[in-house]
Amino acid sequence: MKKIIEKAYNLGREKTQQGKVADYIPELSKVDRDQVGLCMITKDKKMISAGAYDTYFTMQSMSKVIPLILTLEENSHDHVFNRVGVTPSAESFNSIKQLETMNEHKPLNPFINAGAILTLSMVSGQDYEHKFQKIISLAEVLMDRRGLEIDEAVYASEKATGDRNRALAYYMSSTKIYNGDVEKILDIYFRMCSLKVNCVDIANIASVLSNKGKSIYTGQQLISKASTRAVNAIMASCGLYNGSGEFAVQVGLASKSGVGGGIMSVVPETCGIGVFSPALDEHGNSIVGIEMLKYLSETMELSMY
Amino acid sequence: MKKIIEKAYNLGREKTQQGKVADYIPELSKVDRDQVGLCMITKDKKMISAGAYDTYFTMQSMSKVIPLILTLEENSHDHVFNRVGVTPSAESFNSIKQLETMNEHKPLNPFINAGAILTLSMVSGQDYEHKFQKIISLAEVLMDRRGLEIDEAVYASEKATGDRNRALAYYMSSTKIYNGDVEKILDIYFRMCSLKVNCVDIANIASVLSNKGKSIYTGQQLISKASTRAVNAIMASCGLYNGSGEFAVQVGLASKSGVGGGIMSVVPETCGIGVFSPALDEHGNSIVGIEMLKYLSETMELSMY
Amino acid sequence: MKKIIEKAYNLGREKTQQGKVADYIPELSKVDRDQVGLCMITKDKKMISAGAYDTYFTMQSMSKVIPLILTLEENSHDHVFNRVGVTPSAESFNSIKQLETMNEHKPLNPFINAGAILTLSMVSGQDYEHKFQKIISLAEVLMDRRGLEIDEAVYASEKATGDRNRALAYYMSSTKIYNGDVEKILDIYFRMCSLKVNCVDIANIASVLSNKGKSIYTGQQLISKASTRAVNAIMASCGLYNGSGEFAVQVGLASKSGVGGGIMSVVPETCGIGVFSPALDEHGNSIVGIEMLKYLSETMELSMY
Amino acid sequence: MKKIIEKAYNLGREKTQQGKVADYIPELSKVDRDQVGLCMITKDKKMISAGAYDTYFTMQSMSKVIPLILTLEENSHDHVFNRVGVTPSAESFNSIKQLETMNEHKPLNPFINAGAILTLSMVSGQDYEHKFQKIISLAEVLMDRRGLEIDEAVYASEKATGDRNRALAYYMSSTKIYNGDVEKILDIYFRMCSLKVNCVDIANIASVLSNKGKSIYTGQQLISKASTRAVNAIMASCGLYNGSGEFAVQVGLASKSGVGGGIMSVVPETCGIGVFSPALDEHGNSIVGIEMLKYLSETMELSMY
């Protein structure tokens, strides 16, 4: 297996010049595009890794999984899915038009920006700081570590250039789908996107999702079985933005990507995978990340389908 | 002519129970729907009026004409129309989707909310207060009076419920079409919409537009001929939101409506007309106002077409 | 006046290298782009012309005016406008999406292809041939001449490449807006678009529309006053496809263009104008045609606004 | 297991009054809504069934799987997915607007009508009849039986009311995505949708897809592993129209529905399931079918996620 991982890594290394590092947030564009990391954590607690597996990068949209889990655990699934859909989007992740054209102005799913802002707003808490602390706590539990930190430069950059997200939030506020203080929710949203993680962290979260919600280390049920299944199903159809369908055909693993270059992949009852490389395809997904996952899926026959 | 005006007024009175008073701004919904006002000011300075012609109501979207004039006078028309289109919209006045789908993310025209916020932002000024003072000054000059006031309750209501407009402004900011402080521009926008006017004021503005930009009282050129023609052309095709085409067929006068219930109509080289009645049709235009204008247009053969 | 017309013509001649001759119908692309024609016919029956004013070209979308007039004359305006809107379109003339997204699946206006096919289907007749004969008859009456002919090569080309129009017609058939045999209506539609006209023909039609529906030669009421007004109003806001708003600001005349390079313009109570030059702008309107009309409008102060 | 199947069936029986039998094709609306059928065929060739498991109904959209398989087997996957996407649609199955708005005018996926018509057109064959025979042959092989028949009344009804599909095909023809005779392809399409199948047939097809493309009876590779995986992946994200995301969360099985009331479900390496009951939800999926699958998935822990 170590060999397959090495092979995947080497294959990835060859493709780091393709695609484009995210530049819509100025701070993100400064990153070194040659970085490639990979980490797989199996159900029997083995960790196989390669390259920049312990390099930190920002979590970006992979973080959207956390408030979704919290919201599903705190509410009935019906309540949640009455407010946010589970329909994949054929549009870009920051598209606004479907908030206007779709029935009831519901965001299509929890992984486009509008949907993530909405699920984040549904997390209970005495105040916005409390909400954020719950996000951090759950993230740390799932990553099996402490001391999660924010990349302050990225956070400042997200905040300074976040007008599209402001538009999405104010639009949802105008249709009464969303309640609350827009700037304060977005502040949490930007901080959550700026969390510094590495491939090990990502693989650890995925390992829980691959294990019906239980820690592979302690056997403790960290997420209910039902919520785990829902999150995996949504990742399978909406996890790579409008590249999700193609990814399902080519890789076939419930996954969530982020524009920081990370992808988190779940192999049910087998392992969790975290990959990282900054250059992105036209949908905003790591090109090298997808290539490596494709290789792993084919070679090890990991596809769910 | 007095008789025709009276007849139009009586015809209007019969229809005040149709339609719906605007309620998206809570304060607007409190108005008495039975009010009907009408005022015509002819090129030779005669004023014929009926009903509640001197009752105050808020200017709302009719005010969008003022920053459009200012922007056209301060810039080349090319410069202005490179940033805001002159294409009528088949969508509602507060629609956001075309900002996403149209080329260059330009607002379709200066009379949908997005376009008006944008032209307002283009008015020069040392600061936002200065911009607003220029709006007020031009409005007073065109209305031939002083002491224009804001309806503070409506202003507060607009501001409290203005999230759709915030979404539009932040969206334009995210695509770099718009520059500036969103909350500050919207503050001017909400104040401008809350200006208290009556049918005489409206007819006076229209009289200038009907007179190639000259005051009918002093003969002074208040607006350049070219800008006057542009404003009238845009009013003719975009002035009644997505009801503009129907209005062109039925009435045929360059006009601008507001959800406060007012409509301003220009009869080239003849007269300016102001009508008022609060209940609106599904496009947001005064039902009684349109009925009265239709009667006047048919009886006096005023249609441009 | 002759001088102004000459000047406009010369101005036009300089710009024949701009833009692109229509090529979506192969036959149209064979035309000589250097041709420029212009004809003005005044209320007192004077004809001033320049250049290729008597060269034949195909009528294309200008022909849409004919079934619109027939339908308006045969039905109450309410009946017509319940089936086809009068809302300008921000989309291309052969766009289909608004048939799906707009209320009741009504075509936005009678001058986009869908709307023209629909109004054509509403013209009464014992059979399709009879309908077509009525189109020809009215066209000849308005042009004050006999012997109108079809350009057989263009007709064959339109028919061979008319799948977009088939899609529009079948879509309308599926929503029950349209009734009848799609291929037979489209056959008339393609023949109508292929009628050979010159600038004099076009100016003659416009002269009737500029004269409240009366022949300038005989004084006979050829089109009712009400239908004339409706047609002019729709031309003013929808006549140049999604370039209509811009044209209203720059020229300000109720007009109808065709991709054959012709534009028909109405100056109320003054004259009818026909211009022709094949190269088109991005909306499908004759570039040189617009330039000449703009010059005429500015110099002679013809704008309605 | 027999008990669970019985329980699912009884649960389904209670809900046959919900929803609406398809009526867009008049012939479909005549069916008895009380019918409920269910059949499961396991990898070790056991068949467990209940209710109207051997009643015939028309295959409708479930038949779209057959030309997709043929096309994938005859071409490189890249070639196929360059012409038809694998993106789930948030719109109705017969929507046309995304053919206009999406890049390259590609149908979003092979299971919306446009996409199915396109994949059907890509199946090789000496003529249209030959293409259709290949469809029938593959269907019979996958169903492990002979004598597949068409419901002539439904076929005639589909053909008579198929204008929306004509619009889709002509639109694709106008953008050059599609080549061929529209009426002839649609004739095959309508015949294919009218094939009479029962739950056993459906479960048999699903059993092949659940067995990496091999017959569970003979072990023969009927579909390549790669094509099987692609078909399952597309069914997982696009198989229940715009209800696919919800179904993934609630049931979690790669499935394809038809408006005849059938649903085909694949449980990888375990079994194939066919369910049937005519009344549909707002997306066009069998309400009772989904309820039974949901019960089976929960009770037997079948979800892939």
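As written, the chains take the letters A, B, C and D, and residue 1 is the first residue of each chain.
Convention: contacts are C-beta pairs under 8 Å (C-beta built on N, C-alpha and C of every residue); 3 or more make two chains touch, one makes a residue touch a chain.
Keep in mind that what you see is a predicted model, and the values were worked out from it rather than measured.
Relative to the C-alpha centre of chain A, the farthest chain centre belongs to C. Centre-to-centre separation of chain A and chain B, using mean CA positions: 47 Å.
Remark: chain B and chain D have CA centroids separated by 54 Å (rounded to whole angstrom). Chain centres here are Cα means. That of chain B falls 32 Å from that of chain C.
Along chain B, residues 101 each make contact with two or more other chains. In this structure, the chains touch in the following pairs: A-B, A-D, B-C, C-D. Residues of chain D that touch chain A in their complex: 77, 81, 85-90, 98, 102, 108-109, 229-230, 232-234, 236-238, 242, 244-246, 248-249, 252, 254, 268, 303-305. Remark: chain B residues 95-97, 99-101, 163-164, 166-168, 170-171, 173-174, 182 touch chain A in the complex.
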